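Next, two complexes with chain A in common: one pairs it with chain B, the other with chain C.
Up next, the complex of A and B:
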């Protein structure tokens, strides 16, 4: 993304943020719900992007962590706890479970790791469905309250959208800081060449577990917001397909790109809605669109941009070289 | 204990179908590093192709032939040329995601163009029971087992006893060297895709009479085959067969002896245990780690 001039980038960022704040003001209830869902899924996808895109550990369990966060938040807030406390618990719980799930990653890699996390995802779903003393079983938990922020009720869709957007902003800044910190560099070293990372004195064991735990914790945050967003949760949304969807978001947006999860979540949440006018065909068209995109650019949407910018830089560089060469020749 | 025998037979019959699907799955992995998340939907589709042929007026036997041929064209040839070929060079993950999208697309297409309801499907096997060792055993179970065993024997004979099979194995194990010694690697890869399409069509023919034809029926089956393939050994055909039978039996025993609520957990826990303690699978070779 380093092809744009810095002020241009800042202006673009501010414009997008302003648009996200101002444009939805006239949206109806459903539009705001979809947009809030985009914000929540972006958070979860950002977590997976840390685990997968930056640290290179394939996880098919992010949906399970969204579920863990959602149940933690639903159970606590319906028992009178405030949402921030529930978010803290959701983070702690997902972090701990994510840490434990990271242990297989120390033993097996790539597709095997994907299968272990897939199995975990299914087990988590079974627990959500069967432990009805805790989770309400198939009947789920209803009447999940929405929080008061600075004394303002967020029961209406617009204020709660701002809660989701604000949370997304906080998480975005935190992740931005994290991937620029030595930790982020260690994650990338883990992805690029674990052996070399180890030889340079990076504790690969600890960073692998960390990558899993932090990514999972963000899944928990997303879940903790998802519960008050829908105000009713049952096990169905947290089955394996959510994990697969989140993985699709990360890859389609561009794994390892900071803005990938935002775009990926946009495609996965908004594109089906835009295609609704085609009625029964909308999911089919969505599937075809995803396949065509991946055939065109296996590195996702941002991969296209990245290639374009790299090409432009090469062209500019060779043009400069040509000019310099002709100058040298005329000087001789 | 009389129950145990019935459970074993039923388990082996389901397991044999899992094995067919899992074998195709491992074949695709071996020759082209394709993790096909749409494998379950690949089993769901041929039944609908056959139903469509019957609706158009074809007799059952013709519908079966048409269904298998169409599956080989769509799920073998078109799948390879349109989706796998352009993406193969770019690593395992984007292709795996693309097959997830393909799974959604196939399900939705069937739902839209055929029906969202489950449709009955005629059985090629005789119905009724037969008495074995004093137990009534469904002929259908035995039939499924026999057909699946013949398919698997046929496949292993092809792979291990014929020149064509040896070329396929060479193409899978070391494409570069295979190419040097004159094996048409591209054609061999295409052949595995066609074999996979044939196997899923066969599985579809065997399983659909039992569970009805429904657009979503691939989900459970795909996952079971997936687990079977990994448990048995991701890189071995005989591993996938063993894994399929094992998961089928385990599934049926778990349904009877573990709570129905957690029956689905048993294969999963088994899967985690296998991966952690024997990642190459029960019968698999250890894969060399890249690092």
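Up next, the complex of A and C:
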């Protein structure tokens, strides 16, 4: 995203944040639900972007981690625990399970790894559905309470939207810090050249497991917010298609770009709503739009922007060279 | 002079083929040892066995007298053994500076400090110095994948020195590098060898480069050591002329 002047970037960022706070104030219940869903899915997609986009480890299990977080949150809050405690447990649980799921990645890569994670996704779904003593089985868990924040109830859609937005803000800052840190650089090294990484002292095993665990933990955070958002969960939303949706968000937005998941989640959550006027055709239009995008730019929407900025930089550099050359010639 | 690296009777078999067949040698502190031999004679396999990328079928490797056979590449690197690769091995999407910071960061602090500490692990100055040293200044912010082959070779070499290694194994550093850049590279290597007291083992086919750079040369053929000695001795050795140098 280099190429924009820094003050312009900061102004743009502040404007977007202000808009996200102010504009939804007069949204109706449904609009707020959709926007809250965007915030929650952005968190989950950011986790997957870390595992897949930065560390290059394919995962088709992010939806399962959203499920793990959602069930942890639903079970605890319906038993009287506060939501923050439930979020901590959701993070710890999905971090631990994600760590274990990382072990296959030490042996297999790419589509083989996709199959391993896909099997895990199915396994998690079966646990949600069949272990009804814990999860309520196909009947799910209802009456999931929403939290009180500093003594304020968030039962109404707007306050809970702010809970989601605030969580997104915290996660965004944490992820931004992580990818700028040496850890983020080591994750990219796993993606770009694990053999070279090893020879530079980078413990590829530990970083691979960390990439899985942290990415999964963010899936858990998203799930822990999803449960009080819908206030009712059953196993269906956490099947394989959620994992595929999240994968699509990351790819469409631009894998390995910081802002990719925000954009991808926006498209996946909002575009179907905007295309609703086409009635029965909206899913088809959506599918065609995604296919066209990926043919045009396999690196997603931010890939297009990145290419454009790179071209502009190259042009500017060659213009500078041309000027320098003509000066040399006149000097001679 | 004490031995930094002692290799004793290293063997590596792939199926029925023995790529390395009982190689023993030592590398003395501060020297530049050349390793030459025809293609397929086991030079790179020997490197990979020493560096833990391959597990040797037999024999042992000692670093400063301590047994290190079978350690993983990352662990060996932490002990001060570094390498460059025959084929280009940089991180193409990261900038030249980021490549160098990455190459040194695991030698700074621990896992926790690398997460909460400075994003450059305090290495920006060191990276910039290395960039200047290898004359890559104008490319510091360019993605490494956009550099020419020779420049990537230089970067690859520079990366090997970021962790302040004691022993560096260079696998064909001169391959595909143009003559003027090659002179630069040799000058840099000699300077690092003197200033930092780093010990090198260099695999190379460019005879002029090897003979002028190295204090000793080891010749391999068919997985075995054919000769070992000063460059001028090796050059006159009839067995070496027969197997490799030609008449």
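One rule holds in what follows: the second predicted complex is superposed on the first by the 332 of 332 C-alpha atoms of A that agree within 3 Å, B and C clash if a C-alpha of one lies under 4 Å from a C-alpha of the other, contacts with A are read in each partner's own complex, and residues count from 1 in each chain.
Methods note: a contact is a pair of C-beta atoms (placed from the backbone, for glycine too) under 8 Å apart; a residue touches a chain by one contact, two chains touch by 3 or more.
Quick caveat, the model's predicted, so the values are computed rather than measured.
Trainee: Is A:183 touching the first partner chain B, the second partner chain C, both, or neither of them?
Mentor: The answer is second: A:183 touches chain C but not chain B.
Trainee: In the superposed arrangement, does A:110 touch chain B (first), chain C (second), both or neither?
Mentor: A:110: touches chain B, not chain C.
Trainee: Which partner does A:251 contact after superposing on A: first (chain B), second (chain C), both, neither?
Mentor: In the superposition, A:251 contacts chain B only.
Trainee: Quick one: classify A:126 as touching chain B (first), chain C (second), both or neither.
Mentor: first
Trainee: Touch test for A:195: chain B only (first), chain C only (second), both, or neither?
Mentor: In the superposition, A:195 contacts both chain B and chain C.
Trainee: Taking the superposition as given, does A:85 touch the first partner, chain B, the second, chain C, both, or neither?
Mentor: Once the two structures are laid over each other on A, A:85 reaches no partner at all.
Trainee: A:204 contacts which: chain B (first), chain C (second), both, neither?
Mentor: In the superposed model, A:204 contacts chain C only, not chain B.
Trainee: Please work out whether A:15 is in contact with chain B alone, chain C alone, both, or neither, and reply first, second, both or neither.
Mentor: Neither chain B nor chain C is touched by A:15.
Trainee: Which partner, chain B or chain C, is in contact with more residues of chain A?
Mentor: If we count touched residues of chain A for both partners, the winner is B.
Trainee: Residue overlap on chain A between the chain B contact set and the chain C contact set?
Mentor: After superposing on chain A, chain A residues 193, 195 contact both chain B and chain C.
Trainee: What residues on chain A touch chain C, complex-wise?
Mentor: Residues 178, 180-183, 185-186, 188-189, 192-193, 195-204, 206 of chain A touch chain C in their complex.
Trainee: Residues of chain B touching chain A in their complex?
Mentor: Listed in rising order, the residues are 35, 37, 82-83, 86-87, 90-95, 97-98, 100-102, 104-105, 108-109, 111-112, 223, 226-227, 230, 234, 261-262, 264-265, 268-269, 271-272, 275-276, 279, 289, 291.
Trainee: Would you pull the chain C residues touching chain A in the complex into a rising list?
Mentor: On the chain C side, the touching residues are 51, 53, 72-74, 77-78, 82-83, 85, 89-94, 98, 101-103, 105-108, 111, 114-117, 119, 121, 159, 162-163.
Trainee: Any idea which chain A residues touch chain B in the complex?
Mentor: Going through chain A, the ones touching chain B are 58, 104, 107-112, 115-116, 119-120, 122-123, 126, 129-130, 193-195, 240, 244, 247-248, 251-252, 255, 280-281, 283-284, 286-288, 290-291, 294-295, 298-299.
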